[in-house]
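What follows is a single structure, written as structure tokens, with notes after it.
Letters are used for the chains, namely A, B, C and D, taken in the order the chains are written, and counting of residues starts over at 1 for each.
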Amino acid sequence: MLIVMKPNATASEIDAVVNVVEAVGFRAHPMPGATRTAIGITGNEGPVDGRRFENLAGVAEVIRVTKPYKLITLDLRPDKTVVRVGDATIGDSELAIIAGPCAIESREQAFAIAKTVHQSGVRFFRGCVWKPRTSPYTFQGLGDKGWEIMAAVREEFGLKIVTEAVEESHVDLIEKQGDVIQIGARNMQNFSLLKRAGRSRLPVLLKRGMAATLEEWLLAAEYIMAEGNYNVILCERGVRTFADHTRNTLDLSVVPAVQRLSHLPILVDPSHGTGKRDKVLPLSRAAVAVGADGC
Amino acid sequence: MLIVMKPNATASEIDAVVNVVEAVGFRAHPMPGATRTAIGITGNEGPVDGRRFENLAGVAEVIRVTKPYKLITLDLRPDKTVVRVGDATIGDSELAIIAGPCAIESREQAFAIAKTVHQSGVRFFRGCVWKPRTSPYTFQGLGDKGWEIMAAVREEFGLKIVTEAVEESHVDLIEKQGDVIQIGARNMQNFSLLKRAGRSRLPVLLKRGMAATLEEWLLAAEYIMAEGNYNVILCERGVRTFADHTRNTLDLSVVPAVQRLSHLPILVDPSHGTGKRDKVLPLSRAAVAVGADGC
Amino acid sequence: MLIVMKPNATASEIDAVVNVVEAVGFRAHPMPGATRTAIGITGNEGPVDGRRFENLAGVAEVIRVTKPYKLITLDLRPDKTVVRVGDATIGDSELAIIAGPCAIESREQAFAIAKTVHQSGVRFFRGCVWKPRTSPYTFQGLGDKGWEIMAAVREEFGLKIVTEAVEESHVDLIEKQGDVIQIGARNMQNFSLLKRAGRSRLPVLLKRGMAATLEEWLLAAEYIMAEGNYNVILCERGVRTFADHTRNTLDLSVVPAVQRLSHLPILVDPSHGTGKRDKVLPLSRAAVAVGADGC
Amino acid sequence: MLIVMKPNATASEIDAVVNVVEAVGFRAHPMPGATRTAIGITGNEGPVDGRRFENLAGVAEVIRVTKPYKLITLDLRPDKTVVRVGDATIGDSELAIIAGPCAIESREQAFAIAKTVHQSGVRFFRGCVWKPRTSPYTFQGLGDKGWEIMAAVREEFGLKIVTEAVEESHVDLIEKQGDVIQIGARNMQNFSLLKRAGRSRLPVLLKRGMAATLEEWLLAAEYIMAEGNYNVILCERGVRTFADHTRNTLDLSVVPAVQRLSHLPILVDPSHGTGKRDKVLPLSRAAVAVGADGC
């Protein structure tokens, strides 16, 4: 943490800040500059709440320095995580493709799509059976009946099944017959759901929240890993901006940004990321080109 | 729903779209214009999924028209909802003030603050005991021990207790000894939590999600009401934008926007909405001036 | 334009709206639906100002339908525009690469970079000599002295010169010795500068504004074309969002979105679009993969 | 500036960074912490370009500290600026109201509105005669003919005239017969126009750009003041966000944020800030309550 003093801060104001810093058990490092003094703080174990300093006399600004990640970092684990799902992998040199309908609507629909998915060599089949819907009046997914269809698809085609868990009880069900637990964008900060997924032995596909910063997203992964589950796969799915030509703005720059900080594999979802059918193909190509582990 | 054809769409393309519309059971109303034809759709009960039309030949754009609200609307209930919490009210002519610490840290802290809150005539005491925190490594609230402190504050000062439920089991606890269930911004689209709150007899304070549109927020309220709980209080707490001088951008224009559509009371939270101590007072004043029912 | 009435609008309110629509010279097409009536408007030549309708009794919402483009559209010109700059092209099957320093700092720097650019087979050399800088106290570019260096680079290496015009007088200078006029993001809606570029015989590289919607950007191109200059090249350079891991959020989905509407070529600028050196290479690859004409 | 090293940075990497810092003429202050070392930089006159450090071995992040303001700051001038326009003032204890039509459409319209404005005791009359319009095909204002009408309004009612200058030649005209030069949101970073306004003796009303941070806005004011014109009035007019219930999101928190840093007066424009007639009154009240000098 860094405390920046106002240009006209007096020596006694600077001393007072140093005293407060040391009173709460940290070390203060005053750095007098040409126009103003900054005071570095060290000795903190975790993040420091800067708000206790920002209203002291003479303080212009408090700047947070330390990033609060531990388990997701390349510092901890310099080699990339490869998530194994049976004989399939995500994060390996091979591209991982996850395909399937938005929602499972019927056995016929699911099997028809799964057949095409399987024939094209794709290993992962995704379909929602519990759908988080903005309106209470729209189709909420087939529920447990849909889950049986997913299990039948898995049996029939040997595809790895990816399904979103909307509540903790869904994780129980997925653990019995599924392969990958998806945490959706709306639940990226549903911390009790994250913790439950963190206690599972199944890999977790963690989608980025609609307005999540990189830091918040990585900390959501940290929640899962802190419970002992290290098989986390990140998935960029577009963020909310003023732009109105797509439903969300797909932020492909987050792929190399994640890779600079973390060992976790990262996928891109161009369907939700754009919400437009004719944009899926060009943005899938771009996702691969930018270095994603799949889409 | 409105389907806008391209300027050079042919008569047979227009006919084909009309046929598709009628095949799925709706009525089509073609409106030829100077430069292009638009086709209105009526006869739908709920929202129509426009994506099935937007890739038909000759279609330029599909525009959604019907808003999916029912229970929250002034159409349904022209008089404003007044939420009664014992002998206190929210939505009445009197300003409802909710005050208290961000988190309950100890019995001493809670009682000291509650005393001041009580003495200043405020009726509602807010404090988090289960805190949704971005990082798994920061203070997560006192938990059940904190909840006992809240109950003691209620007993001692007669204040109405407002606490955030982070998971469904918290709603059970709040129902036993609390007064208002808060649903936080991160859980605004945690639909199973919304439904649980909707089955409660206690009023629900629903905070706006960080990137929620007005429509999404009102539909989250609709989720609660659809379960039978009509005592919903909305609370604007700032949205996420590029602006970096405050932690969030407090969107006060949403207050009259809600009031134009809905009978539900609306509060403003300037503490979370700005994240800066010196902004709380001026923005509280502004919240009252813009017409909020409290803050 | 479409006027959506409230569910409880009376027949006489609907009639009154129809009368107002017809009084201002348009045709009204009422479409009674299950829950509400919508009124389509045709007969307008250009965009209609909807605000004159939205406060009439019984009106819920006014929705704009017609897009205001003319010259940029595929409706007007179904074949893609290829911009010719001497013997080089932009918009052709070949990828157009524009390279160079952010600002020209000295003859030595410019020549050293130009030599590398030239040797790698790139045809376009970009460098700012008049820099639009956020602060008045930072380096504003070499100005006319820099312009002489650019002209010398052009002479020496046969590279096509791309420079930003910050004011109209710069267009005069670029016309004498340059090849492509760049309009920067901050000036995307500097309409007098756009009109001046529209009266030039040189191609114009039009960068997207930091918060420009697709429509606003295409209309800025329309300003240039309306003056007679059809050689407009669009350039995506990132938009402003809450995301803080890059300086701007590069919006690659805008490339296919432009290509669906317009015949103009489109480039991507990953340097300004991310503001991070290590992101330039992966996002250049992604730009090519998504279908951009160059970067 | 602060350079944050990676946790696993070696002593020799830290030394190498210190050497680079000192080689470019600054002083380096290494601060070893529990988990990582940070290096403070002092001795710089203005902002330092951090990008030259961020790719050195072992560097995790570079954080800018010094704010680049000079003339706008309370450090420079602790008392609030009161802008005098003849016998009227902005920034004084009295509320300054600026009223008038968006555009001057005719002499009759202008005089009718001016009469009402005058009778209600308002001192400032605003009207556009040169309109910056998103589309080249919509009404661009009456131009010089409109300017004559404005001058006549000034003569007739004694109102102070506020008009937007879209190009430098408009400043010449306003200087002859006007009172306040408005710089619009789209031109907030049209630096040659800012400099021209800075060489005028008339006050300048500087609107915030649609995606301008507080820092960028204050630096635009700094551009005007650096040319010698200290009579700058800031005006918040809404920023661009994902929210779609208003045309822009009015950011009232920027009012106290400006007042914490700067002595300049600040107004709020709720008409452009919301784009909805029924929102103007509540948000005008909120603007006054939050502490704006007028609206």
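The rule is simple: contacts are C-beta pairs under 8 Å (C-beta built on N, C-alpha and C of every residue); 3 or more make two chains touch, one makes a residue touch a chain.
Since this is a predicted model, take the numbers as computed values, not measurements.
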Longest centre-to-centre distance from chain C, chain (CA-based): B
A-D or B-D - the one linked by more C-beta pairs in contact: B-D
Chain centre separation (chain A, chain B; CA means) in Å: 24
Centroid spacing, where centroids are CA-atom means, of chain A and chain D in whole angstrom: 36
Chain B and chain D, separation of their C-alpha mean positions in angstrom: 32
Multi-partner residues of chain C (each touching 2 or more other chains): 211, 240-242, 278
Contact footprint of chain B on chain D as seen in their complex: 211, 213-214, 239, 241-246, 249-257, 260, 273-274, 276, 278-279, 282-283, 285-291
Chain A residues touching chain D - in the complex, by the definition given at the top: 2, 4, 6-8, 29, 31-36, 38, 40, 42-45, 60-61, 63, 65-67, 75, 240-242
Chain D residues touching chain C - in the complex, by the definition given at the top: 46-47, 51, 54-55, 68, 70, 132-138, 166-167, 186-187, 189-192, 210-211, 215-216, 219, 222-223, 226, 240, 276-278
